[in-house]
Structures are given as structure tokens and as C-alpha cells.
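One structure, as C-alpha cells, below. Some questions next.
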Amino acid sequence: MSYRFEAGRIYRTPTHFGPAPGPRQLPDGITSDPKRSPRRLSVAASFLTKAALLERHLPEGFTLAGEPVVTVEFHYMTAIDWLAGRGYTMIEASWPVTFTGRHEHATGRFLAVVWENLADPIITGRGEVGQPKLYAEIAEPRYWEGAHTCNAGWMGFRFLDLAVSDLRDEQRPPNKAPSDGTLMLKYIPRTGAWGEAELQQVTLTPASNPDMTIERQQTGVGTVRFHHAAWSDLPTMYHVVNALAELPVIEPRGGSVISSRGGKSLRDQRVLT
Amino acid sequence: MSYRFEAGRIYRTPTHFGPAPGPRQLPDGITSDPKRSPRRLSVAASFLTKAALLERHLPEGFTLAGEPVVTVEFHYMTAIDWLAGRGYTMIEASWPVTFTGRHEHATGRFLAVVWENLADPIITGRGEVGQPKLYAEIAEPRYWEGAHTCNAGWMGFRFLDLAVSDLRDEQRPPNKAPSDGTLMLKYIPRTGAWGEAELQQVTLTPASNPDMTIERQQTGVGTVRFHHAAWSDLPTMYHVVNALAELPVIEPRGGSVISSRGGKSLRDQRVLT
Amino acid sequence: MSYRFEAGRIYRTPTHFGPAPGPRQLPDGITSDPKRSPRRLSVAASFLTKAALLERHLPEGFTLAGEPVVTVEFHYMTAIDWLAGRGYTMIEASWPVTFTGRHEHATGRFLAVVWENLADPIITGRGEVGQPKLYAEIAEPRYWEGAHTCNAGWMGFRFLDLAVSDLRDEQRPPNKAPSDGTLMLKYIPRTGAWGEAELQQVTLTPASNPDMTIERQQTGVGTVRFHHAAWSDLPTMYHVVNALAELPVIEPRGGSVISSRGGKSLRDQRVLT
Amino acid sequence: MSYRFEAGRIYRTPTHFGPAPGPRQLPDGITSDPKRSPRRLSVAASFLTKAALLERHLPEGFTLAGEPVVTVEFHYMTAIDWLAGRGYTMIEASWPVTFTGRHEHATGRFLAVVWENLADPIITGRGEVGQPKLYAEIAEPRYWEGAHTCNAGWMGFRFLDLAVSDLRDEQRPPNKAPSDGTLMLKYIPRTGAWGEAELQQVTLTPASNPDMTIERQQTGVGTVRFHHAAWSDLPTMYHVVNALAELPVIEPRGGSVISSRGGKSLRDQRVLT
């Protein structure tokens, strides 16, 4: 007798061994406290670039919202509930957009690409949430002479450096434009019909994140640099890194270092139509 | 101006930076010789188990074909064309099945789960091909006192040991039942509608692999052992490992060590209906 | 013209490229603040064992001082000055001893073995300081359900688990017996005369550590377990791990979790005669 | 009762747990076949540089022997007996010298620095043999478009690239000058007396290696490049890498790719006086 899928339970390939434990489905009997998990050190830097270049990397239905400012964030996370207290690191590159669908529209940050140094959240994030996650080797955070230094690479090719220096404590909450949340494109290729899409949809992470508490917030001078790669350096993603490396830094727009705890499971992720 | 997808080109999330280089789409100007790439050391062991237990891990439409024999293979690959000559390792667990769809049926090996130690082919394999790939840390192959020893773990928890000893060279080609190829289930969860499937389809890797050449083939005594895990040991896949650990080894069914070169890109992967 | 050693500068093999930067010799122009570097999370657990078994692992001149209590500590360090702000992790196993030399005697903890997950401090520590450092893969600290969980392995074989749970904040400083510091044996084998020693001397890290500040201190229930290994599991140190695994845990003696900053370079390390 | 050292047995820090298993001392009952272990893929490239610059990196008693040609070799080793069949990679940088001691003289290659990607042989090699071993992350060998590509880094900073292309099979044995073997300097700093040496001696690996068999030998075009580093990139060895990066490549002197099996334990290592 073959197996049946249980209704209302999240599955993930391979589905043959039962519902899948993960960020949005802890095993029975495991409880988690979203006010305490995860702990997060976030180091971010932004820069103004050319609008026309950013637009080339926007899917249909998206337009830039305000200034063409790219933000790159390193999130060093620990004490993650769904990993039984382990951690990993996530890098996000985004810029502000408005999406206009047939029935809905939303303004927020466009999550263009994410890198993580653990395959498990890449698998869950791509499949369940639609996040554009790729893999990178990400060094542990480095703190030296008052600066946080971050970098990422792949098989020995370092493609991203970011630093935030001249830190000063900041009492005001982060100065953010009103936002509906984070927008991204979930895309699944069609097996066998190469070049066709099985699925292509815009998904949204709503901005609300009530269980997150900022413990310390600093601002400073931020620098970010992507390094141009040959195909043989990054044979699965040189096109991604090079597109970002080609964005001119017209003006730095500052950096920040934020320590926080708490978060959400993204069970509120939804498709925009 | 937002971007348009180019017709006939394979894309992968994030799609915003152009068509994606990968196993089935090398950049223009890059040629590859499928008769030489990759090089592969394959170490495999099989065992007879209980049919009723295997059937519990078969999706609808599948039945066991012949004896309930589980095969676990470690494929240590190097000189991979689409990785510009790099390598990685793949573990496959499979058993023989027949699939009966509405219009088609096929007999072959059911690829129940795959582990790989590189995220890039996990991403391409899950999305483009439908392979049930997960991540594992896989030790380099170990050869000592005439035995090949293989193991795999995740964040320090070793979940799989396999060995093939008492090796003797084998002149005959591997004794394989007639097969249509390798069968698997491509499953994509639906974002927001947790527990629902966006896509669920059976895909087939046809058996034909004309560019592959076996350079050396040995047979021997094989042992394979999965180690039972707590959720906190393997919080994203303890259910997978434990299901395999619970399969009784009624009888070992031998092992093999094969050195080969050449392969295919799986552009012939197709959906069965 | 061959090179000459510069007087008063620390060298390390290979010496041919000039004085060696390291923990006790920063390059000119690099300053460091020992009150701030490193940051350290220390997770420790102790147990009472049999005196006779511990004594078998004491070199000549050493006797147990007080109860035969073994302490195992994981020190997760970040923002290390001599690594330009990077971090690494150190595991120490020790018990209380008195050393009586020809001219000096000292009481303190006997540092029986150290494991670290970075080769650089292993090299400097063994050669310059005489610390008994070996290499291990050490997982990032894991915090889950109020417990800190630590483990260490080597090439996929996990040989040490430690946890501290039921944590409560502790206001009093750590209750430590008066101590002259940490004692260890520096031993250098003689090349070519296999089995002979080139150097064998007792060295002491004096207890004083004035730049270190404890930021938070918790006590709790501690457990520690070494796992018995075959030679093929740990071919360079199964004898070390097995000796520790064979020490019976007569009684747990508690655990602690301490966050601190600041430290010292061990320039005060000295030979006891 | 404290322990006594057993006569004639090799010890290594920590000595407290008995004689140390390692390359030159396998446990009782473990046998090894030096004609089969290890297996080795060696990729090497040489270049002519300025004699005066090389001489600056020669210790007292050494002079250049013949042309100032630097050779860099990557040795990818597997099936290593003393690691129970595991492998690791070693990089060697050397040039030809003559050593004149008080009583002996020898001509051979001067092993200036070694990098390895496993701490265990670094520990045994530095202490027992006197090899100038440091740690590096070394990518698996990459073979693409008829070229072998090798590289090494440390915590994300790549400091060495080497490639050998245009390979042709070579029937003649490697064309080597008569050599007494490999020369190196064993140096142990004195604890507490910072800047003084506890031990400084020249050691020799005799050239004879009768159990090694070359299985395939190719020659080709070799390139080697060291990358200049800041202290913060390589805080324990920027001085080593920069000294090598500053050697001008006056003329490439070819590359080679050699597959071999068998070797020796270096029990024949001896001190030159």
C-alpha cells in the first residue's frame, strides 16, 4: 500500500517519509518561543546606484519606488528554534519597489537574491516561501578596530565584502519608509520543457514582525563591494554576482549594526495576484 | 523597464539576472565532452528488506517490482563540466518499482532520497529535474585494508555508514534488470496554503546513458547502516533517516565499486502522465 | 647572503620570512585592547572521578591536589585581536594538581589536553607556550530550551558531548580554590632518535588575568561525555579520547556558562624548574 | 602514581595518555603496505627568480645550488595508512640549496614552507620531523579543458593559484639533479624567553624512496601565483606569503602532473650537524 498525504500538513521533497519538520512545522511536542528565537546580529550597508540598471533586474509588474538604493544585509543568526538551537547566516540584497498585480499592489523591498551558508533553509525557503536563495560560504562575523567586516564566497572565490565602521549607538528606531513588506518572485522551471515555467508568482512577506525586539542598534559608515567573476569562478551564479558588481556606487548611504531577538516563521507569507 | 524572459532559455530563482548557467545550460562558448565528464567512483551496497515497509514509502501509482531490495550508492564525482572541473558527492537510496500513470507506465528504480554535499546541484536538481535531494556532509572516500568506507552526517551527527570489502574484479557488466530508468516524484508546496501542493508529478530519467564508460568494476561484500536520530540531531530530516533506519536488513545483497567516466545532463528527463 | 635572526623577536617555523606575527607579537602599528579582546562564551561542566585513574595521566612531579574533579570547558571566542577580529573555539580538559620541581612548586589546574578548531593557535600554542593542543571540529554553540549544548568530533566521528542546563544567574564570582595558575608539560620529540625527548619542561600560565571582565555568569546542571573510539575513528588521538572516556563519572559537579571580555597574551607564560 | 615514558616509543604532546599513534608509529596489530599507501596526485610548477631574493630566505649555512628556481607542488593524497585510509593535501615550496654544517654537508631541495589542510600531520610533521608546516584551506583538484587548477587560501583569502596545462605524457623519469634529499630547519622557540630559540637544527629527508611507484607522468605549461596579503587577511602568515609573492617570475620553468602510489614514513629523517 502506497502512502497518502495527510491533510493540512506541510510536505517537502522527498515526501515519502511523512510530513516535513521545518521552520513552519515543528514536530508535535516541540514548542518554541518566537520572542526569543532566533538571536540575530545584522550588519547592513546601502548605496545609491543608477535606476536604469536596477530596473533591468525587476520582473514584470514591478517598478522602482523612490530612490534606487541597494541594501545588502548579513544576518548572523543563532538559537534558531526549528534547528534545535543551531544557527546559520543569511545575506539579502534588496531595493525598494512597487508591485502592481491584476488585483493587488504592494510597496516594499524587492528581495532580489539571498545567500545562505546552510542548505536546509535554502531548500525550505525556495520551495515553501519562494525566496531567491543561493548557497555561499560566509565567514563568521569579524569585529576589529570598531568595524564589523563581513564576506562571502563560493569554493574559494570571494565575491562579496561588506563593512560597517565608525559606529555610534542610535536610540531612534530604524528610519524606514512605510512598507507592505518584502516582495519576491517564486519561479519553478518545467521539467522536460526546458525554458518554460511551471510556476511564476509574486509572494509577499508582510512587514509585521511583532515578536522581534531590537536590543541594540548602531549606525555607521557602510561599504559594500561585489567582485566580478568568470564563469569558472562561480559556474552557477557568476551572472548574479556580476550584475550586482556592475551597479555603480554613486553614493554610500550608510550602514547599521543591529542586535535583535525574536522573529516569525513566515507562515504569513502569501501570494499576490 | 523590467526584464523579459528569453524564450527557450532555462531560468532559475533568482531569475532577475538572466538565464541560469547549470548542468543543462552551459554559457555560450563553453563546450563539454560528455564522454569524459564527470569522472566517478561509485561505491554501492544493497540489502533485502520487508516489502510492506518499503511500500509505506511509495507514492500513489507506484508498486514494488520484484524483490524489496534497497540500494544505497555513494557517487564521488570529479572533473564535472558544468562546475568548471570541480567535483561533489551524491548519495542515492532506491528500490525497484513500477509506476502506472493515466497514460504511461514504467518500471525502474525508485529514487527515494538523494543527499549531496554541495548546494548548487541540490538547487538545480530539485527545481529542474525533480530529484529528492537533501544536503549532507559526506567524507572523502576512505580506502583501507581492501575496503571502501563511506559515511554521511549533518552538523556533526553521522547518520549513514556504508562499506564494501572483499573486492574482486568483475568482467561482466553489472547485472541489472531491464529498466526504463529512474523514477522520482517532483513535489512543490503551495505558498500560503500550507499543506497543499502546487505541483506533484512523476518524472523519469531514461535509462540510456551512452556516453558513460565503465573503467573498472569490482564486486564485494556490502554493508549499509542508517543511524536513528532524534529531532534535535537532524531537525529537518530525522523522519527520512529514521524511516530508512527502521528497514530491517533481512539479507545483505552485495556491494560494488565502479570507476567510470562520462554521463549525461538529464536534458532527457521527462514527466510521466 | 642568508638571513640573520633579529634579536628579541619571536620566530616560528618557517623562520625564513622574518619574525612571526601572532598572539604575543602583533605587527608594528597594530594596537590591541586586552580589556576588550577577545569576547568569550565559556560553557563548562565538571565531574568527580577516581583519583587512581587520573594519577595515571599525571607526569612525574605532579600529584593530585584535592578531589579528583575533571573539568571540561568550551571557550567560544570572537573578536580576537591577533586574528584581526576573527574567532575560534577552544576545549580544555583539566584537573587540580600540585607540581613539585627541583626549585619551585605550584598548585593549580593541570591542563591535560586542549582541542581547537583552528590550526594557527595550535601551532603557536604548542611551540611557544607548551599547550597540549590538538585539532577538533567543534560545532557552533547551540542554545535550545534553556540549555547550552556543545560537541566536538574529528572527520565525522563525534567524540565529546557537553551540556549545561537549568541555568540560573549567579552573582558571586566563580568559586575557585587559590591557584598559582595553569600547569602543562611542553614536550618536543627528538628527530631521528625516535622515542627520545628533545625537550620536556613544565610551564605555567600564572593565574593573574586583570584585563578580563565577566559580563554574565550562570550556573547549572552539567553533563559531559567522551565517546570511545577505535583507532580507525581517531587514528591520531584515540588513545587520548579513550583514556578520558574510561574515567567513571562518580558524581556530576555542576556546570557554568560565563560571558566575558578581555584576556591576556600569555607573554607571562614561564618554565618551572 | 604518575606515569613513566615507555622506552623506544614515540610520544607527542599531550604525552599523558601513552605513546602516540601517527605516521611513524602505527598501533600494534595494524600493518601497512608502503608500496600501496598513499595514493598521490602531484601537480607542480616552477619558475626562475632572482637569486639575491631567494638567498634572503636561506638560514645560515645554506647557499643556493645552481639556478634560483622555485618549485611549488600540490600533493593530493588518499588511502593514507596512518589515517586509516583517509587523505589530505600538502603544498610544498622549495628551491635548490647546499648546506654546509660543522661536520656534514648536503645538497638537495630546501623546503621553505609547507601548507596542509589537516592539522594532524602539521602537528606530527612540525614536532617529529621539523617540517615548516602551516595550515591552509586547499580546494579539491580541479580538472577542466585539459588543465589542472589548484588553489589555497585561509579563512576566505585566496593566497595561491597554480595551474598546469598543455599536458603531454612523459615516458622518461622526472629529470632531477642528483640530490641528497630534502633539507629543512627545525626551530622551537623558548617559552618565556621570548625571541630566543630552544632548538634550531637542520634536518634531512634522504632522497631514497624505494616503495614509491610512478603510475603516470605528464609535463606541461605551469603557472604559479602568490597573492599579496594585508596583515588582516592572513594575520599569522602574511609575511610568508608576501615574501613569496615578491619573487619575480623571470621565466616559467614548466609544470608536471604525476600520479603515484607508495611512499615512506620519514623514519629516516635525521639531523645534520
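Each chain carries a letter (A, B, C and D) given by its place in the written order, and its residues are counted from 1.
One rule holds in what follows: a residue touches a chain if its C-beta (ideal position, glycine included) is under 8 Å from a C-beta of that chain, and two chains touch if they have at least 3 such contacts.
No experiment lies behind these values; they were computed from the predicted model shown.
A count of contacting C-beta pairs for A-B and for A-C identifies A-B as the more extensively joined pair.
At the interface between chain C and chain D, over half of the residue numbers involved are used by both copies, so each side presents largely the same positions. Per-chain Cα centroids separate chain B from chain C by 43 Å.
Between chain A and chain B, the centres computed from C-alpha atoms are 29 Å apart. If each chain is reduced to the centroid of its CA atoms, chain A and chain C end up 38 Å from each other. Within chain C, residues 84-86, 139, 144, 155, 232 each touch two or more of the remaining chains.
In the complex of the two chains, the chain A residues touching chain C come out as 39, 78-79, 81, 84-87, 139-145, 149. Those residues of chain C whose C-beta lies close enough to touch chain D in the complex are 1-5, 7-22, 24-25, 27, 30, 55-63, 82-86, 112-113, 118-120, 122-124, 126-130, 132-135, 155, 185-189, 191-192, 194-195, 197-199, 201, 203, 231-233, 235-240, 242-243, 267, 269-271. On chain C, the positions that touch chain B within their shared complex are 137, 139, 144, 151, 153, 155-158, 232.
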